[in-house]
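There are two complexes below, and they share chain A, which is joined by chain B in the first and by chain C in the second.
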Partner chain A sequence: MTRGHLTRNLMRLAFLCIVASFVLAPMLATVLGGFKTNAEIRTNALGLPALWDTQFYGAIMSDPAFWRYLGNSLVISIGSVVLTLIVGAAAAYVFAQITFFGSRMLFSYVLLGLMFPFATAILPLFIKVRDIGLLDTYWAVILPQTAFSLSLAILLFRTFFAQLPKELFEAAYIDGCGYVRFFWRFTLPLSAPILATVGTFVFVQSWNNFLLPLVVLNSRDVFTWPLGMMQFRGEYVTQWNLTLAFVTLTILPAIVFFLAAQKYIVAGLTGGAVKG
Partner chain B sequence: MAEVRLESISKSFGGLTVLPDLDLTVPEGSFTVLVGPSGCGKSTLLRIISGLEMPTAGTVRIGGQDVTFDEPSKRGISMVFQSYALYPHMTVAQNIDFGLRLAKVPAAERQTRVAEAARILALTDYLDRKPSQLSGGQRQRVAIGRSIVRQPKVFLFDEPLSNLDAALRTQMRVELAQLHQSLDATMIYVTHDQVEAMTLADQIVVMNAGRIEQVGAPMDLYDRPQTAFVAGFIGSPKMNLLPGTAIGRDDVATMGIRPEHIAVSDDTGYWPATAQVVETLGADTVVHAHVAGTGDVTVRLPGDRRLRAGETLFLTPERRHLHLFDADGHRMQDPA
Partner chain C sequence: MTTAADRRMPASVRMRRALTNGRVTAVLIMLPPALILFTFFVMLPLGESAWFSFFNWNGYGAPSNFVGLENYDRILNHSVFHIAVGNTVKIVVISLIVQMPLAMLLALLIYKKTPTNAVFRLIFFLPYILAEVAAGLIWSFVFDGNYGVTASIAGGLGMGNVFILSDPDWAFAAIMTVIVWKYFGFHMMIYIAALQSVPQDQIEAARIEGARRLQVIRYVQIPAIKPAIVVSAFFAIIGALQVFDVIIPLTNGGPSNQTHTIVTYLYTFGLTRLNIGFGSAVGVILFVGAVTVALFYQRIFMKRAQG
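On to the complex of A and B.
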């Protein structure tokens, strides 16, 4: 390796470390903050704790409310993911497979949703949800979240489905397989990478969503974790160490979900379908 | 096993007419090959027979029954695609089995039929593999297996060998011919390769620009092409097509003579020519020569005849093998 090469690599490494530190430093501070007392956080926010005190983590884990918030978040997120995947994939399948009058216009209309910011819709959403009588239910969060993730999901799904070889459908059609059965038996199993990608995206978005649950959920029984976190914020004092420990523990499921889906995101499953 | 009959079939995509008006009968049990240059409508015709495409007008009959509006699965046909179109997430056994499962065939019978198909196609050891773990030839056999288990009345093949390398293609060609003999089924086969057509077919349908140029047995087409197009398409190397004046006939628009029907001499002959390119193939030597004032002529000679580019030869077309065509490209009466 030449000298210039080495310097260039070192510089590249340094740059990547700096970028990574932007992501990792706050995460690390959060994890470590859960071991510190409030006073220590104020004086030593980023360093290692003087004393590894596990009582704050312990306190949160032994609090039944924490598990309830986590459960609520999990139900809502999984509900949003499942609903988005089923509805989005089915819609995208139609757009990719069937040419019908107005399909392009309808598709463009669906894509308009991409440009619609969530926050501007929050008031009408609240009114609608209230009128339907869904306030303080899981559906109050699941349905709007699904609706707002659909544009992106349909866009991604359609592109992927359109790449599935046409002969695959024709061969199955000759074998006696109709559109609906093909969707369940072929399109979905062969689309694991895109399902994982969209699923992860929707899950993480739902998991971290704060605004919508704040507006449509009032009862502590259905609070999601971002709302539950607010209990450590008093009028005069914020218990930062508990908040940070809480965040650390609640972020874990999202990371686990991502790691589980990661291998499908990179996998190419259509290998061997055509030619070779 | 059934006869396929197409009556006044036409097909347009938007404003583009691919098949103007076409009648064709594929006899029961025959191996019929549709052949023609790309874009001639042969694949569209096959797709109309399969039911993947609806004809704009006309009737499709299989075994005497009008199936024009029937679903593909109800027509008693099966189809092998150029790209194989294997189901990538299913094993070989599941691939072969799929159509039977949809048709609700009892499990025991399914198993027997899959085992039988696997035996015929030498796939028994691969039944548990996924398509991605198979070679090109094996994939093609799975695709064929998928169609034979359904015991269709008519087999359809859409350029099934195009993706294979030359050696494998020859081997699969033999296997297909054997399969046809053993199953005794009606087969319709689309290809642009006239060698495949000549070797496999007992009836060849030559198509050009959506029309049928000629239907007949391979040697009929070879010996008596009805149009200049068929004359040029069937046979390898290609027939020489020259203006009628080359043999002193002003009433003939085009005359054709096959490369193997030209006598070559070193000192005397009808056309003095210069050898330009000499291809030694072993059994044959193919000479591309130029005849001054007439054009390029291809000649096929026995392999032991040695020639060099630039040499002068004298060519004499064998009179009884001349093919004469009028200005519309139709065959004129035989010269002999």
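On to the complex of A and C.
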């Protein structure tokens, strides 16, 4: 390696490290802040704590409300994933396998959902959820979330299903296997990669969703964690250490989940970001 | 589609099999759930938005106070709405002139598959996977002039209290910093994926002909990933139309309504005050904006970039 190469490579690394510290510093300050007293945060917000005080993290972890918020988010996210996968895959299977009068038109109709942001319909959605008596239930979040994920899910599923080998279906068909059974026995098991990608995408969207739960959930018993976190912040305005401990404990699982499912997340989020 | 096995059979047999092999059943069982959910929770509310927007309605009883286009008139003449639209435009501009070039620069520096690059890629993508509300809270701690990082730094430098988020001139700049911080990694990932699929021999051919590194980037790599740039700009624009979660923990639209975006405007003036008709009209305007952008963009860029 020549001298010019070396200098250039060092400059490259230096620049990358500067950007990385801009990215990491706020997160690091958040994690460390949870160990500091408020007086210390005020004078030393960025550095290591003088004393690693775990009582603030302990206070959050022993608060049943914290676990309830996470539990609610988990139930809602899993519900949305399961419903989107089943309902979306079933419809995509019909669109991929069976042509009937109007099927192409129906497919275009479903794709209309890709065109506009969720917020455009939020007010009528609130009225509708209220009028059918679902306010403050998990369904108030699960059903609209699923409905808004369906367009993208059906588009991705249909593309994938259409690429599965046709011979397989014909063989099963001659052996007397019908469409619905074929779907359960063969299509779904063969589609694990796309199911995982769409599932991860829906899960992350649901886990992080704020606007919809904010509008349709008013009771603290059903709050998801972003609502709980905002509530908590409102109650402890000046006690940053408690809020920071709360934030840290909620972003850690997200980071662990990301590291574990990295492949599907990057595919699902960059590929699926058509919805923004 | 009809399967090959089907086409070989006479029509009467085909008919009978269609009924017994469950083709009709499949259509009748597997399609309706998706269609019903989609219609009921997506298309119907969208249509209702348009309908409600002609009424002055608080959401109780049936909408009866028909006001025609008055809601639209009030929105379009509302100074706060002008600010909200202006802020949305600002986000688009910052995305195009700061965020995307930064993302491109980083992508060019780390697109090659090495262990160090993988670590940087991971770090830069990290903010994107955080919930927007969490990102907003983290940064509201950073900007807090009383108890947060800003207070600590200002104190260390011997300055008085600095309140960035309650300064009308600076609050939105702070918000745009957070947006760049949160989303540049996403754009970078799009570019990296595209750069990795540029054929290596094209780059080497240019090198052999004596092209310098910058020339290779300018004349080989960037033209090759143009479709990815077009797509990422599209995400930036559509994303700007939807900014909401980040604003709520940071400024909640204040100080004196300077930091609203279209969606926070809709939420603040439509939902929290139960002006369902007014808020629906904002929704319709947002819808028209999003669809216009999508259609125009597709017309102008997408086809040319792919063709």
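The rule we apply is simple: the second predicted complex is superposed on the first by the 197 of 276 C-alpha atoms of A that agree within 3 Å, B and C clash if a C-alpha of one lies under 4 Å from a C-alpha of the other, contacts with A are read in each partner's own complex, and residues count from 1 in each chain.
Rule of thumb we're sticking to: a residue touches a chain if its C-beta (ideal position, glycine included) is under 8 Å from a C-beta of that chain, and two chains touch if they have at least 3 such contacts.
Predicted model only: the values in this text are computed from it and were never measured.
Legend: residue contacts after superposition of the two complexes on their common chain; A:P189 is shown touching chain B, with no touch to chain C. Once the two complexes are overlaid on the shared chain, A:Q97 sits against chain C while remaining clear of chain B. In the superposed model, A:A172 lies in contact with chain B only, and not with chain C. Judged by the touch definition given at the top, the superposed model places A:I41 against chain C, while chain B stays out of reach.
Among chain B and chain C, the chain that touches a larger number of residues in chain A is C. Touch criterion met: A:A20 reaches chain C, while chain B stays clear of it.
Of the two partner chains placed by superposition, only chain C is touched by A:T146; chain B is not.
In the superposed pair of complexes, A:A65 makes contact with neither chain B nor chain C.
Looking at the shared chain after the overlay, A:I127 reaches chain C, while chain B stays out of its contact range. Within chain A, the residues touched by chain B in the first complex and by chain C in the second are 170, 173-174, 176, 181, 269-270, 273, 276. Note for the complex: chain B touches chain A at residues 50-52, 71-73, 77-79, 81-89, 98-99, 102-103, 130-136, 139, 146, 150, 163. Chain A makes touch with chain B in their complex at residues 165, 167-168, 170-177, 181, 186, 189-190, 269-276.
Every residue of chain C that touches chain A in the complex is listed here, in rising order: 1-5, 20-23, 25-27, 29-31, 33-35, 37-38, 40-46, 48-49, 52, 59, 102, 106, 109-110, 116, 120, 122-134, 137-139, 141-142, 144, 146-149, 151-153, 155-156, 181, 185-186, 189-190, 193, 235, 238-239, 241-242, 244-245, 248-249, 262-263, 266-267, 270-271, 276, 279-280, 283-284, 286-287, 290-291, 294. Within the complex formed with chain C, the residues of chain A that make contact are 12-13, 15-16, 19-20, 22-24, 26-27, 29-30, 33, 38, 41-46, 87-88, 90-91, 93-94, 97-100, 106, 109-110, 112-113, 115-128, 130, 143-144, 146-148, 150-151, 154, 166, 169-170, 173-174, 176, 178-181, 183, 204, 207-208, 210-211, 215, 226, 229-230, 233, 238, 240, 243-244, 247, 250-251, 254-255, 258-259, 262, 265-266, 269-270, 273, 276.
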